[in-house]
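Next come the structures, one after another.
Next come two complexes built around chain A: one with chain B, the other with chain C.
What follows is the complex of A and B.
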């Protein structure tokens, strides 16, 4: 490498400088600051604060409020993720099926994706209005005879949790489907042709070819959905009273953090401790899953080689 | 045998279209009810469901703004914030992505992996530390606190990197170097014009993300004249509008419709952009 080349390549660092500075100031420092605050009794009003060790964390576990919030968040995320990935996988298989030749694939998926772009705050407020006592949901249920009299939907734990799950599913299944379809169309067709010659069934082709080759994309969807789900705020916050009613059944991690932050004294030290614990929990889960599941793939030198190996491995079994 | 196969295909296709139609109804009904109810009076709304619009939109609008909700200002605030966020995100993310794609330097691979890791870390949870930091700088209740952090937007850099890698620009860059252009000049004059489609897609996502963002402005912004649309939605949920359903639906529809229009125009870019933003090996 001669001198001019070296000079040119070190210019690369120059292009990264704004990002690195931006990250250190607005990304890393707030994380460190949150961690530092979680060990103090800082409030919004006070200028100074004292180090109080792990008191904030002890207090979080003293009652079951924090555990309940974490439990709610996981429950809502899992209940939405399973049908989301299920429907998305089904739709992407149907849309890419050479046998079915579904018409208007572009239009269908454009419509299914639409909810993802809508403002979550407005969507939550919309469902609040739709499921109000005098709202359309009650009108429909009573007139169609499903309910004998109007019901207070948003005072029922099951219905309210179900609505949050539904809204999350409604928002994300289209996006997940589009990502999966992009993955499926990049799988070489000869793989399927070879499998068909060997007499593989549709289900065998799906589980032995499609799913293994989609693995990196599935991991990506899984991890980003988990990270997003653990930070769920807008929808549960605005669907009911902003405290996760009824009976705190939709009080998520972020709502709890906000409630500590916005309490009359503004206990930001306590709020920071919620942020820290959820941050650690989510990062460990996300990065852990990402690396455990990816390791084996990284050992393979080339994706193309891998596909061929997979295909050969299929042969004796079919 | 062939006939049985064909018959099976027809039957399956029929069932699939039923499923697709059901999902279509589920997707559309809430949005349709929102738009229709925005044009109906509160009395009409309470009388029952309609799938056809009515004529009370203007009335609903008067009612909506008569109770102290400054929707036009919220709209202007959101527009300003989303536009600035978009410009900052697109410019700095392309700059970073360009540096990663075009140059070879020690630590390049490490930095690329670091970007992926950043995408998977829940940064929103450090908002408390961020708030305290901004309040020390006197930047709470200031849009700067919402715009500047986008200089380091890992998701957008990842997208930009995927996009630039799909373009072949090395020859053009070398040609520009021979012509004596500076490295930054090449980025501005050669790369930027070529990357317009990718920049547009990235820009749409950045715009929508900022337009829809509720949590960060909700924490950072306190004075009512700086409220953005999602924050006004929260006001709509309050006591003042308790029974004015027509006005509530209209207020919600007005926050959503601009995005639906953008989507109607750019849906092709948006959908192809989603796949590009996902990790592909």
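What follows is the complex of A and C.
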């Protein structure tokens, strides 16, 4: 008996080992190594490095470069996330609506998702060429009379940040919409039918049925978007000069980290300290989101919701 | 006893074998080269030489990797790979960052190739750049003195002559250059620009500093740098430059007369500051419009311009710890210190057919047109005559560019380059652009630049800004 149990277990462990090895080598080790590097003055161009305590972190806070990068990242992410989730919610409500029954949902969904398939490098290079001083955007704006003379778009902080926000929104709202639609179609239709019989308005159905049952999906979107947003790199890096020009206004956390890594001697220690701080910041925010949006019903079960819970009992939900 | 003796014999045999192996390696110079060599570069130029090298040594296989230099991507990749198992054997290093590598302990000592530079009379500045603390770690096949290219038709129209000496006299120093710029603007009623960007004039100012960027771990803001900033601002404010960004469509469009402003008004660019390699790689290929049209070939002339300067250049070095260091050294020798190869390189022997005969998989656009200015004075003297009648001479209205470069090459100074140049100079671009377009004051510009330098070089002493 014991033997077979062990055998059973060992087979299970055997199946787990590839993942665990992969995780240890490609997941845990880099994190631990980054942490270790952040306390050294290691560079790529020298073979030896020394432990320098928290000097790297002190330097990050000695001037406003790091704080500015964090501010830029948050600003660009928030400006992109709010319209992204708003439009994705609106579109997915329309597309899944049992009343409207929009035709060709699959086609629309594919069209909205398409920008996500484009290479960020190509998109950034495209926008860089479009908005160059002698580029098509200027030609159009001046000839159509919107501008009196050519404008230096990519030297304007507002325009450049706006472009990054737009590209991020444009490439990601389709993805968000698809996830939301998947979540919405999994909500049992009888719930809506019952609400309609009770005379609920569309808005009431949205806030009382759709949103609460969509909460796990929303948390997922929120957290993955936050993690992605805090690591925003390719578009702002390639849109201008790779240093967050103009005036470092699109210099994000990861661009700063990359700049330190790619600087003359390759200061990987200093770059690692940026990575560690971003990791801590993102972790705290993600945990905060989980805490704020946690299922309060589990703490204090409300009798009023019982009927709804029972109806929904076959649906696994957490 | 017998056993002990046999062990002793065995040991002796092994020892003699090892000794003979060691001794045999050195004198076997003409031994056929063998092996695989990993070469990394930021353009496809050296690939041509790599194929030619394989033609000389059929048992050698060169694996060539090209990583573009855009936004410092190449520099980062090489730094990250050095010292790991992915490390290339030979790396190409551009002038902006070659010193960084020569000053590090990551490049192998190539001092035993230095005598060859005496035979070839390699320009001293070229060797100087590849040397640090008496150890030479990089060699170059190029010397890169700068020049000033102008449109003959515009010179005739606005300055009354396209004669080389007369135009040179009109741009002989910066004051005269500005006077000429004003003339060109007035004559073209604002549709003629003297230069495409202020940025291309950075190198002339940079080459004429009295001190490098870093002295005694302190950043040096040379008066020439301050002068450049004021000069660039003046050029922009007076409309003497087109406002295009260097290396973008607008800048290239000026070379083939297709530059149009946002209203569709055609604009012309009178001149470009470009070095030796700028002629065959930048100006000449871009002189024909992409969508057909006459182009500007034959309408160009080349003179020294207001200041002697140098710009760019590619050095090659061997990475320390390369398992193929002997082969790698042979490759460096072939690329930079081989008279036959340098002659072939500069005179257009390496055509696409030539390369395809060696390696049939050579891409159709891989070739080396005649005209690159090589680092060996011996070769330069031998081949200068051959450029009297060439496609490049036709491009320049009959002028022999090679002869002009040969005059400028010995004046180049290699002592101003340091390992931190790239990062310091790249940090200036963004604040300077903001100052030129008026979104920053001069004081803000200097402060922003010094902040950026401080952030990248935590240990460097940063002086006061020139303007506060």
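The rule is simple: the second predicted complex is superposed on the first by the 283 of 318 C-alpha atoms of A that agree within 3 Å, B and C clash if a C-alpha of one lies under 4 Å from a C-alpha of the other, contacts with A are read in each partner's own complex, and residues count from 1 in each chain.
The rule is simple: a residue touches a chain if its C-beta (ideal position, glycine included) is under 8 Å from a C-beta of that chain, and two chains touch if they have at least 3 such contacts.
In this text, all values refer to a predicted model and were calculated from it rather than measured experimentally.
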Touching A:287 in the superposition: chain B (first), chain C (second), both, neither?
-> first
When both complexes are superposed, which of chain B and chain C contacts more residues belonging to chain A?
-> B
Using the superposition on chain A described above, determine whether A:141 touches chain B (first), chain C (second), both, or neither.
-> second
Counting only touches as set out at the top, which of chain B and chain C does A:236 meet: first, second, both, neither?
-> neither
What is the contact status of A:266 with respect to chain B (first) and chain C (second): first, second, both, or neither?
-> second
Thinking of the overlay built on chain A, is A:247 touched by chain B (first), by chain C (second), by both, or by neither?
-> second
Touched partner set for A:22, first chain B, second chain C, both or neither | first
Touched partner set for A:279, first chain B, second chain C, both or neither = first
Could you tell me if A:129 is touching chain B, chain C, both of them or neither one (first, second, both, neither)?
-> both
Chain B and chain C footprints on chain A meet at residues 129, 132, 134-135, 139, 143, 238, 258, 261
Over in the complex, which chain A residues touch chain C? Could you list them?
-> 44-47, 59, 63, 65, 129, 132-135, 138-139, 141-143, 147, 149-150, 152, 155-156, 237-238, 241-243, 245-248, 258-267, 270
In their shared complex, at which residues does chain C touch chain A?
-> 70-72, 75-76, 79-80, 82-83, 97, 100-101, 104-106, 243-245, 248-250, 253, 259-264, 419-420, 422-423, 426-427, 429-431, 433-434, 437, 439-440, 448, 451-452, 454-458
Residue ranges of chain A in contact with chain B within the complex = 8-16, 18-23, 26-27, 29-37, 42, 87, 91, 94, 99-102, 106, 108-115, 117-123, 125-130, 132, 134-136, 139-140, 143, 170, 174-175, 178-179, 181-183, 186, 216-217, 220-221, 223-224, 227, 230-231, 233-234, 238, 253-254, 257-258, 261, 268, 271-272, 275-276, 278-279, 282-283, 286-287, 290, 297, 303
Interface residues, chain B side, partner chain A - complex = 9, 12-13, 16-17, 19-20, 23-24, 26-28, 30-31, 33-34, 37, 45-46, 48-49, 92, 95-96, 98-100, 102-105, 108, 111, 117-133, 148-149, 151-152, 157, 177, 183-184, 187, 208, 211-212, 214-215, 219, 229-230, 233-234, 236-237, 245, 248-249, 252, 255-256, 259-260, 262-263, 267, 270-271, 274-275, 278-281
